[in-house]
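First chain A sits with chain B, and in the next complex the same chain sits with chain C.
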Partner chain A sequence: MRRWARREDERLLTGRGRYVADIRVPGCLDAVFVRSGVAHGVLREVDCTAAREVPGVAGAWSAADLMDLPACPHAAGDLQDLPPVPRTVAVGLSPEEAVAGREWPVLVKDRVRYPGEAVAVVLGEDRYRAEDGAAEVTFRIDPLPAVVTPSAAAEDSVRLFDGLSNIAFEGSAGRPIDEAVLQGAAVVVEARYRQQLLMPTPMECRTFLAVPEADRLTVWAGHQMPHRLRRELAALLEWPPDRVRVVVPDTGGAFGSKSALFPEYVAVAFLAVRLGRPVRWIEDRLESMLVATRGRGQDQRVRLAADAEGRLLAYELTIDADVGAYPHLAVGLPMQTAWMATGPYTTPQVRATLRSVLTNTMVTYPYRGAGRPEATVALERSMDALAHRLGLDPAELRRRNLIPPASFPYRTPTGRCYDSGNYAAALDLALTTLDYDGWRAERARRRADPAALPLGIGLACYVERSGGEPGGLHEFGGVEAREDGTVVARSGTSSSGQSHETVFPALVARTLGVDEARVRLAEGDTGEQPQGVGSFASRSAQVAGAMLVHACALLVGRARERAAGLWEVPVGEVAWCDGAVHAGPAVMDLAELVKLTGPLRVDDRFAAGMAFPFGAHAAVAEVDPELGTVRVLRLVAVDDCGTVLDPVVVRGQAFGSAVQGIGQALYEGFAFGEDGVPLLAGALLDYLLPTDAEVPPIEIRDTRTPSPGTPLGAKGAGESGCIGTPAAIVNAVADALRIADPGLLGTPLTPETVWRAARAPKLPERPV
Partner chain B sequence: MRITVRVNDREYRLDVEPRRILADVLREDCGLTGTHLGCEHGVCGACTVLVDGAAVRSCLMLAVQCDGGAVRTVEGLAGRDGEPHPLQRAFSAEHALQCGFCTPGFLMAAAGALEADPAVGEDPERVAALAGSGICRCTGYEPIRRAITRAAREWPRPAT
Partner chain C sequence: MKPAAFDYVAPRTVREAVEALGAGRDAHVLAGGQSLILEMRLRRARPEVVVDINRVPGLGRLSVDGGTLRVGALVRHDAFEAAGAVPGPLGTLFSLAVVTIAHPPIRSRGTMVGSLAWGHPASEWCAVAVAMDAVLELRGSGGAREVAAGGFFHGPFQTARRPDELVTAVRFPLPGADTGAGFAEHRRTHFCFAQVAVAATLTVRGGLVAEARIGLVNAADRPVRARAAERALLGAEVVLPPAGHRLPGGHPFARAGEIAATADAAPVAEPYAGVDYKRHAVAVLVGRALRQAAEDQRSRAAVHRGGHR
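Coming up: the complex of A and B.
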């Protein structure tokens, strides 16, 4: 057996990993931001004078101070001010019209719009000195009323931007529902759900190290999209992109939270360039909990109609989405929920409408699942409610409506075209793995026994989207055969724990038929791979994996052509097998061929089709109605991500994702004080991430339906647990309590929420 | 303040401000960056190291408190010959790490417990307590439990 299961393991297990905070650069200054403790207010004054007198402090600036800085020798010095935070251009996440008139300044100029927004930055010789300086900065904010929920903010009684509505974006998918269909339906489930704000919480917070050298800037950052970061930084500095290099070393998790350009990054990059000194910002957990991006945050209303046999007739989803104080990063993200509102069912009429509403909270941005959990939770909770109303087994209700395998490609009423699937097979595997009938019998036994704690079974079928949106479904990279017999695979993706360094070389080795040990991956360095899209939307295996397979095919083609030239035979007579060219008795491996014919390198851009992973999750939960506690007894997650590149790696991500899904359902969330400031004084003791003690027995299984969108057939993996698991768990609790209104179970299902729900009106007794 | 600390069997004579936390001194003054800071308020466990054999959160301890003491970090886990520690082998074999940021903390907590009593690995509750001593956002903990159990099974037995 190999000593290390993954190539990443040796350095990460011996303390030789290199995360940004581990990189030592002589003379590097630490940046500390002075942050508002107020959610919404008018900034009256900031005074950094005393901070500048603190020993070891290299400088301290408010927004006004930065405007007064003299020009530096570089082009950036021409700017009279720090540029504002740019908007996300990719995949329509932040349209121009949503941003117009709503500038996101790097440091607050006149108005604080979310708690923790930075009013000054202090640079020190080390973190201690910078914090000493930050403690001496004084500022005054006159508080304004704060709005922290989208429904409150949508009323526009408190406006974040004077003269502009808080509703920054509106969208819809699907045609309006025919009211006659709803009126003629046997059952219409109506409910309201709140998808709470979540914190992605990678164990490493954000990191950004900027090292200027002559007229260039090298940035080290834990990041999912190094090329986007380079492009946006270069644009802000008004430099050509090749003067900025972004390197992503080891990154301690991301889950969506590390793919943008944040205000702090702009400040650090500009100060590094202006001062001609290396500067870094290593975010700490307390500030991360205030000012790192949040996920989810939707208030939803649904109407789900079916006939008496349980055939779905229409589904309507109305969303008020909380996008935080600035629309720049992801005001359009809730469209993911709208487009996926159809779910895995043949419902003929589906309509989703949304309003993206500004609130006095840090900005909402993709978090693992990114719009698909919100779609799945709303639909699947409604499906269980519908099953109870109809007196149908929830599994049977789903079976009657799942899109059948012969219907793919399937165009949904909300504008998606699902690529491939066998949704019923995933559901059946989940039920068998769970022992559905066995648990049904146990549920019945407990219902008959007044002394037994109630038990419920919850199901969730889901379909999600991976790869990205049209225009962003490509990746750059290539393969290079070297004289020494090694092969370099290049990719524009970026790993933050997903094992790319192990999985991609193995894929290239398999494809070329060469020894895996001879292949290495070059990734996460714009100096080595000049173009790239990145790792988000579960796209790395699906898109970059297919790109590498494509590049291998190009490389093989060129190798055969060269061999044909050498041997003076038609190229059709040159075969490729086991990493070597063959023609009759002649054989030559890649290294030999390169020695004889010169460097052999292929670089290309490859576009994939959108893919739609799917699956079925099932949970069994026991509830104590007196204590309001929930104990998950069993969780089964069946996921289908098409062709699997490395089953152990995919399983590991599915498992970890399911545990994040458990957190979403049961533990993670935070409340706000009257002043709009999150109640997080105890930091991670107040935001309950699952620990080992909260992990129930989980069984991960898979089905494999390849995507026709690439020759490789891989779909995205790793987000499934956040998509399927929360709905399954909430449904299990609703089933145990038999409550009539499913909307009473707002997540996270705290003991208080469950205790109250246990006292709510019950469903009528019905044999199920 | 001048202190002397043995870290991974090497003596460090340091001049540190009394307010500096052990983790920062290990990382910045000793150059041992394998110890990671995940929360800096004692909750996540990523910065766990052994001080005189006992697992401590190095973000909650001042370096000056270790004067005269012995600290062991993830860099000191492998044998002198570079042979991986049973826990390092087991964590890899069981895929008990993905991004690897929290991993040194789990390794050191488990190393302290297993070195004090290798029988820990035979008791699922004690293994669960170790896996529950920190926060990991990638693995879902089950592989960490399996790795600790596996390392205990492969623990070098004293010659009898």
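Coming up: the complex of A and C.
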């Protein structure tokens, strides 16, 4: 029989996966939202009358028709991934103040603030009829000028909320840089970078099915945090949480985009309850491109100072971050960039300041990497520029500054405490795997041959954070041994494609010493596991994995106690081995023990420490300077996520994440019309994703430095690729073109961008 | 992304198809559905009736008659993936161009004639048809007529086809063995439309260019025949440029590229490709397509000589 790589594979790869859209509920209505084609404007009127006459339409409502729809809750005040902005920030703003007066309505009441914002909702017997109805809703919006970049919006010449600044929050990390240090430095690299807005682009867009029954509501949704979703829905409905159940079936990816409660969800849940009928919203690709959360979106300025030997003296990062139209989680998210601004180096002075700015775009939200790619790209592009200025090999410059292994735990100037690491080992492995010296020789050969396409080598060292922030570093769950010999592992996490069904049962089986096939995972259902935090911030293996190991230890303790009671021996004489209790010649496996002594189940909460995965990525790229096309010839990703639970799964995470990093570097990005509306008429022909044909040879390697923060030692593995890869690729292109101004290479590196950069002034020739 | 309601007819003859098109309703022809289905799902196309010609016998024929190739309305793109599917340099040109069209599954459904009838400015086949002096065969309620590809394209998605007409086939004259073909396309990913592409053939006699044909893809609001560049090449000595990605400055192919970019192309700006960049890309790709055509002609001539030794 065919052996599948993962437990999920047999189901998912043979078309037997069951996603929300596959769930058939009799009498279910399909919701379609009527959306603004304007980025910013005043809504004058909405008329749903004609829509209600369309055959098969069950109802159509504008905000005025549904005045009592509750507002969408702001996550900023109750962050699970990020804490409230630290009180040490010397400004008078808190997230509540950022949110105050800037309510995000479920349907537009009077002002449209982002393109695609919903002005009405239509329910139909199926999606076809609902769309027929939506086409009959008429509305009028008087356009206002739109602002789509944080730098432009920060000027406040166009305000999204009358009487309030677009700057919703200001924050900083680290002490101000001593100007004397900058003045005394041998070299100061100054540059500006724009981290473009990106779409998370899961294969399955958002889904939400609400089924009311008597006084209860069951919600089926592709979601990363079902327990939070349940709490929020219950609060909205003013119900006790136990009347709401959230179930997460197979989910086709999330990458951060499925962890919130969105306006559409509120409308659907509310209408389902109000009508007493099942209602679902299955977001389609065009909707998703218009109104799903965005990631990144930072305008950055840097100053990086070093002495003549290349020792870093000071680093300053200034950020204008794009929050989108409503202050949501993205208000505090750029603090992640600020806290991680130090990177993997011993730079004594680091300072990051930021402004979180409202713009006329859909809200920004964590997207795989969430603040850390932004920090890495700014620092690592500047490191390569610094190496060129100093005439130093970029690898050598990094080596001179990497935090040495003996320095951990390492407290950074920007307030982080890195748990463990061997950064130089990761860099060395990346260089060896790449054949750095061989490619340097090839680069030199090509520079001497006018017929050859120029080639460049780019490096990026990174350190990131996984697990979450204090207050969100715990997980709930447990382990249950059953009479039939099976073991159920419960966890408050929720898989959207991260192989939990494979990894967690294997971990529990290994820990208990039982047959893996007898262990089953229960997660993603608040009816089965009442408490949970969820899956984000690369936390599932690190935090929930440790929780399961902890629960196994509790279960073993109980089993030994019971055996001691049965056999009337001191518990100290009962040993646990291979899934059974032993005392002298007596042996009894778990199933037998449960049969004799009754159900055995432990549930608990376990908190882990924050962890700091790290690594080094290296890229070789060839540039056709006549057309500006970039061909990545080789990509090496060395990631250290501590203890590896399943090498195949970790490799898959690293590979997929690296491909998303390639997307950020070369392909993905929105172009906006002058009216602030993204140009997406061609959908995924306009916003380009890397496809299989664009994926270069990628070599994934790892080093393994366990985290001291949990007994398991695992760190997060999900986000590293897209953190290290973009800077490595951009650095490779900059190296190939030898351009003097690194800021010319704005991402995505479209052919036109690269072609223009190729014609810009070159760096002076240096003997290598 | 669900289409609005529409009626559907599946005629069994060309006459029935033409009757359905001429019934006074907004009708769209469905061949491969490569573009139409997407446009309908986006509700940018809302035909009252879809006329599915897939059951009309005979439209799937690909035939050679003397010096002419005839491609029926249901011949799928993938029929041209093998260079030998069509004789001589035209087969080479088709095989080079066709692999730049979408993905294999789409190429197994979409049709050459459908692409011509749709008239997308970034369509490879439209520029190939214009360059190669193709002739479209149309049947309408008024009978049959023919339109040269050079006069068929009026703008983006606008053609000389009347609403009641079905494009039944397209004919191409077959160039001889003294002709070589080249095709150069530039796009951001394998999946997306061409930012610019160029189809070129060179007919060489006595070491000199006897005829040049250059078609520009996505270099204007419609396919472009680069006639100024073609004229500049006539009589030029064919000297293969040295290896390398860049043509020497004064090389006739580089000059032709510059002329095509400035005199023939009229690029329309699009996201991530401004007018200046597209002009520049036209110049580069014309040079590259001509180089490839010259190389193809040379190897074809060598085989030809070898065969007569």
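Simple rule for what comes next: the second predicted complex is superposed on the first by the 738 of 768 C-alpha atoms of A that agree within 3 Å, B and C clash if a C-alpha of one lies under 4 Å from a C-alpha of the other, contacts with A are read in each partner's own complex, and residues count from 1 in each chain.
Here, a contact is a pair of C-beta atoms (placed from the backbone, for glycine too) under 8 Å apart; a residue touches a chain by one contact, two chains touch by 3 or more.
Predicted, not measured: the structure shown is a model, and the values here were computed from it.
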item: Touched partner set for A:Glu523, first chain B, second chain C, both or neither; value: neither
item: Partner chain(s) touched by A:Glu626 [first = chain B, second = chain C, both, neither]; value: second
item: Partner chain in contact with A:Ala452 - chain B first, chain C second, else both or neither; value: second
item: First, second, both or neither for A:Tyr667, with chain B first and chain C second; value: second
item: Per-residue contact with chain A, leading partner among chain C and chain B; value: B
item: Chain B versus chain C as contact partner of A:Leu685, first or second or both or neither; value: both
item: First, second, both or neither for A:Asp702, with chain B first and chain C second; value: neither
item: Chain B versus chain C as contact partner of A:Leu286, first or second or both or neither; value: both
item: Touched partner set for A:Arg16, first chain B, second chain C, both or neither; value: first
item: Chain B versus chain C as contact partner of A:Asp646, first or second or both or neither; value: neither
item: Shared chain A contacts, counted only where both chain B and chain C touch the same residue; value: 127-128, 284-286, 684-685, 689, 691, 693
item: In the complex with chain C, residue positions of chain A that touch it; value: 127-128, 131-132, 135, 284-286, 450-453, 624, 626-629, 667, 669, 671, 679, 682, 684-686, 688-691, 693-694, 748, 750-752, 755-756
item: Interfacial residue positions of chain A with respect to chain B in the complex; value: 1, 3-6, 8-10, 12-19, 21-22, 24, 126-128, 201-204, 250-253, 255, 284-286, 496-499, 648-649, 652-653, 655-660, 683-685, 689, 691-693, 695, 698
item: Chain A-facing residues of chain B, complex; value: 17, 19-20, 24, 27-28, 31-41, 43-44, 46, 73-75, 77-78, 84, 88-89, 91-93, 95, 97-104, 107, 128, 131-132, 134-145
item: Touch list for chain C against partner chain A, complex; value: 1-5, 42-43, 186, 188-193, 195, 242-246, 271-274, 277, 280-281, 284-285
